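See the structures that follow.
Shared chain: chain A. Partners: chain B in the first complex, chain C in the second.
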Partner chain A sequence: MSHTTVTYKGSVEQRIDMRWLSKVITLSLDSEQILKETIAIGNQQTTIGELFNISGDNTSSDYVLENATQKMDYIGHALTQSNTLTVMGDCGFYTGAQLLGGRIKIEGNTHDFSGCGMSKGLIEVSGNCGNHTGSAFTGGKKGMSGGTILVHGNSGNFTGELMRRGLIMIVGDIGDHCANRMIAGTITNLGATGKHVGAGMKRGTLLFPHKPENISPGFHDCGRHSLGYLTLLLHEIRRFKSAFQSLHPMRRRVQRYIGDTTVEGQGELLVWIG
Partner chain B sequence: MVIKLSGGKLYDPAHKIDGQVTDLYIVDDKISKTAPANKKIDHSYAIDDCIVMAGAIDMHTHIGGGKVNIARTMMLEDQHAHPDARSGKFRSGNGHIVPSTFSTGYRYAEMGYTACFEPAVLPVNARQAHMEMADTPMIDKGGYVLLGNDDFLLRMIQQGASQTAVNDYVAWLLDATQCIGVKVVNPGGIHAFKYNQRRLDVDEISPSGVTPRKILTVLSKAVHDLGIPHPLHVHASNLGIPGNFESTLSTMTAAEGLPIHLTHIQFHSYGTEGDHKFSSAACQIAEAINNQPNITADVGQIMFGQTITASGDTMMQYFGHEHANPKKWTIMDIECEAGCGVIPFKYRDKSFVNALQWAIGLEIFIQVNDPWRVLLTTDHPNGAPFTSYPHLIKLLMNRSFRNDVLSAIHPEAQQISNLASMEREYSLYEIAIMTRAAPAKILGLTDHGHLGDGAKANITIYRKQDDIEQMFTKPIMVFKNGELVVENGKVTKTVQGITHVVKPEFDRSIEKPLKKYFDDYQTIAFNNFRISSDEMAECIGGEIQIHPCKLN
Partner chain C sequence: MIINGVVIDDTFSEAFSMRATRIIITAINYKWARHAAETMTGFATSVIGCKVEAGIERVIGNHETPDGRPGISVLLFCTDKKTLEQQLQARVGQCVLTCPTTAVFAGMDGDDRIALGKNLRYFGDGHQISKMIGNQRFWRIPVMDGEFLCQETTGFQRAIGGGNLLVLARHISQALLACEAAIDAISSLPNIILPFPGGGVRSGSKVGSKYKELSASTNHPFCPTLRGEPDNKLDRNIEAVMEIVIDGLTREDISLAMSRGIEAICDLGKSQGIETITGGNFGGKLGPHHFHLREIMDESYNRYL
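Right after this comes the complex of A and B.
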């Protein structure tokens, strides 16, 4: 399959704003031209060509970013439907922020605010995610509003904060304050979950294998249930190639807690039984 | 340095020059009509067919002080969406609806503005406000000190202190806070809000024991007695409430014939007629302004789109907090002086109320006959960001454009507004009055806002274009104090403006009761409160220019 390779030469200490790459990808810009454009590095100006090589067939909308580092912010920012971006290495802040479609695959870890404000598409991280995965921009009132984030490692604190819609799947553990002020959407994992789950949660579904410690007091135990719709949800979750495929497709028995009743209290926290 | 500008059409209302082709000379930082003897001309610009005006002055724009920073931190999405990268000698910044200091300075200069005035400097926040304004490059600045809800003044009035004592307090405060004018926001209302009151009418006794009318009368008299050129700057009671035009009319009479400036009057011109119990009272307000020559006003036009409202008026901001969009808001109390409320707001042309607000602002512009007494503002950022001024000017100058926009707003608002039938179109000369000559006159800036001999060489040159909005968005040249700082709508040189202040005389004996008041109630020591002129120049970075007070 033909694709374009963007290689970082690994030459600066400062953070790099990678929104230029999204412009290249979404607008199919001429790579010769783009390499001459200036970019701010700390308090200096340099050209993109000084930092990156672009090679390969840039008529395709498949891109590979090689040698990525955790100093690169906004990798895959606002990509659209037909784009795929594979990142070899770690990412900085705001990876896939405001994603409008397409697919970003990261062979490494990401920093905070991955997928914040995204509305469509898929972000897949082979390693761990930082804090605020799928949340809103700082100060924003709406987090991720659609699409899927799949993390094969762990995620940090405030996962799915202010999330509005969409699916977050974490194979490993989730940090504290998961689903803080969540508006709606689905978060699931296979590992442990930190403290204060679902504080201020209005609607949405949390699906965990273990009962988290320190659930917000606004949650109420509603007993054991066998929920038919979970087979539909599992069907969706198992679509992605990940450890979630080990879940039995007909599994549907859960302990159900609803909350957070200090706000709307329409959210549910489901813990697998058996 | 001598610069010659030849062939430009001058619009200089202060000297009644309306589009005459005249050569101008800039000698160092001053304007001259004649070529200076024995000096060679260093630069000559042929600006045939170009329009020459003095640098514009925005006399009511929130660009410094606590609430602007709250607005900036609250609207991080705005900061994210509008980054300004550092380039060459220009600093980075961000933001569109409440830009950072550097962006504010650059954007104003790029529109040909050379002076801006922050209308709500809380005494206790004055140092911070001046620091922030000193951080704003390109433009001259000034502030109006906020009074009328501070415990000290309210007690003085309640205890029947003499007018001279009030005058001394006002003058002392102007000196201590390095301001050029006095502002009152919802007189007594912010104070009453602290006592859990939600509404305060002009003739209602507030918890402080005085009526808003009394506060206005005493303060407008103080400003007059002290000879401060800028009349009392009044944000009237009941902002944004249907039917508030009556309290606006009462506010006008509270000045008892003395000069008074009513700010963002659009927000104070609402009636209660019609099915929605919300209607335009622009006609009554405009008539009142037309009939009372002591009154000046600025409009506070709203524009459709996202903005944020930031006001000291906690009472009315609290009233409006339910309409916050996005849903986040701040109301805070600020010491013994006032408070502040910051609420993001999205004006929508398909909303009846917003559409009518838009029409009311334009109706006031059109129905006030004298452009010397109605100034062009959007109360940045409350009605719209200041970058929408060129659009507003186009609405005023082009009736068919105005009617096009009108035809797209909420149909009921269109129906009940008289705007479509109003034929008046502003001329370039009248725009020059509202944005240059009149604000300079109202503020007492004798060497600004005109193109006469000896004026500061703050000059904006526009290339004549059919599209007025384009023309006012991108002046081809802007001179600040004789230096060319903007070319083709882009800043090319950074300069630092000064701070305009007044220093009326007063009796130092007022400091004795003030010291006790500070010791008893304030969080800052009396001696640390006052900002000296040296501190302004050396520490804060806002060198001051003192404007004379006329002694009565």
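Right after this comes the complex of A and C.
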């Protein structure tokens, strides 16, 4: 399959704002023209051509970013429906922030605020994510409002903070303060979950294999139930190639807790039984 | 055209345009899915008096339903979108929501949508939960056996109602036998319902009436007790006429159903007292869809060749 390859030459110490790459991808700009454009690195100006090489089919909607590092912020920012971006290496802050569609696949780890404010599309991370995955921008009132984040490793603290809609799937562990002030949406994992899950949660679903420790006293046990909707959710989850495919779609027996009642929330924490 | 001694009249049966939707009802087992489906398709024989024509389309296996449980698909036909939406919500609300262990899902895709669980959710009194799965919204409404799960909308499409066959026989038992054979053959087809009791109609109607208030009245040219009247169309040896009414999603669905029905009747043949198969032809007053019986049978034979 034809694609455009963007290769980082690995030549600066400062952070790099990668929003220029999204502009290139969404507008299908000419590579010669792009390489001449200037970019701020610290208090210096340089050209994109000084830092990156671009090769391959410029008309393709598929892009590969090679030699990515944790100094690159806003990789895949606000990409749209038809775009695919594969990142070889680690990513910095705000990876896939405000994503509007398409797919970002990261063969590495991401720093904090991955997928924050995204509304559609898929972010798939082969490694780990930092804090605030799928959350709001600092000071923002709404986190991700749609789309899917799939992390094959672990995610940090404040995963899904202020999340409004969408699906976050973490194969490994989730840090503390997961679903903090969550508005709606679904977060699930297969590993452990940290402290203070769902504090201030209004609505939404948390689906975990084990009951987290130190859940807010605002959560109340509603007993064991077989929920038919879990089959639909599992069918959706199993569409993605991941360890979640080991979950049988007819598995729907859960212990249900609702909360956080301290804020009159009606969110639910579901813990698999059996 | 004569098949196995049965005359296929050189006429057409007339049908009219409708709007149709399909829903899938699932439950813990077929027993409860069928209870819900049969209840919601009750009193839905004709748009003349019931506003809707509805019926069970088929039984659906666990592997085909969205929630992996036994299911039944139901088709509903109305003359317009608004009525279809009203009837669907009323019937799902009173007959499916109330039935133990059921869930209801859209049975049609497409951009033309009508509300399914969109308004039923208010029964949850604020405890209902919305879940977006893929690009579809579902509602989870707490009820006393757990949760009632329903999809927010379902698709609808243009369809055809009132395709029909009239079976003319020497005796009522022979007319019924022929009808039952045809109904068995047609019922196995997708996209089709036979909305009348058991699939047969003994009170076939014509368009209009001598009474201004009535839009339809008894099809007196086919009533055997009026055989002596000048405009009666029955021969002296015909003692019973039975009608099979077919609603289908497309013209092809109804044509196929009619041909299967005619074949099943003709398999019994004249020796079983079946004299003629004809259609309800009202000279174009009923609707724009005309199904010519002989053309349908010619097409049917061509399919086999």
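Heads up, the rule we're going with is that the second predicted complex is superposed on the first by the 274 of 274 C-alpha atoms of A that agree within 3 Å, B and C clash if a C-alpha of one lies under 4 Å from a C-alpha of the other, contacts with A are read in each partner's own complex, and residues count from 1 in each chain.
Just so it is clear, a residue touches a chain if its C-beta (ideal position, glycine included) is under 8 Å from a C-beta of that chain, and two chains touch if they have at least 3 such contacts.
Computed from a predicted model, the values in this text were never measured in an experiment.
Asker: Taking the superposition as given, does A:Met88 touch the first partner, chain B, the second, chain C, both, or neither?
Answerer: Neither partner.
Asker: Taking the superposition on A as described, I'd like to know which of chain B and chain C A:Tyr229 touches: first, second, both or neither.
Answerer: second
Asker: With the two structures laid over each other on chain A, which partner does A:Met250 touch: chain B (first), chain C (second), both, or neither?
Answerer: Only chain C; A:Met250 stays clear of chain B.
Asker: Looking at A:Arg203 after the superposition, I want to know if it touches chain B, chain C, both of them or none. Which is it: first, second, both, neither?
Answerer: In the superposition, A:Arg203 contacts chain C only.
Asker: On the A-aligned overlay, A:Leu35 touches which partner chain: chain B = first, chain C = second, or both, or neither?
Answerer: neither
Asker: Look at the residues of chain A and decide whether chain B or chain C touches more of them.
Answerer: C
Asker: Between chain B (first) and chain C (second), which does A:Asn43 come into contact with in this model arrangement: first, second, both, or neither?
Answerer: Only chain B is touched by A:Asn43; chain C is not.
Asker: Once the structures are superposed on A, label A:Gln266 by its partner contacts, choosing first (chain B), second (chain C), both or neither.
Answerer: second
Asker: Could you please specify the touching residues of chain C with respect to chain A in the complex?
Answerer: Residues of chain C touching chain A: 66-69, 103, 127, 129-134, 138, 140, 146-147, 149.
Asker: In their shared complex, at which residues does chain A touch chain C?
Answerer: Contact set of chain A toward chain C: 146, 165-166, 184, 186, 203, 205, 225-229, 231-233, 235-236, 249-250, 266, 268.
Asker: Residues of chain B touching chain A in their complex?
Answerer: Within the complex, chain B contacts chain A at residues 73-77, 80, 85-87, 92, 326-328.
Asker: Contact residues on chain A for chain B in the complex?
Answerer: These residues of chain A touch chain B: 40, 43, 45, 137-142.
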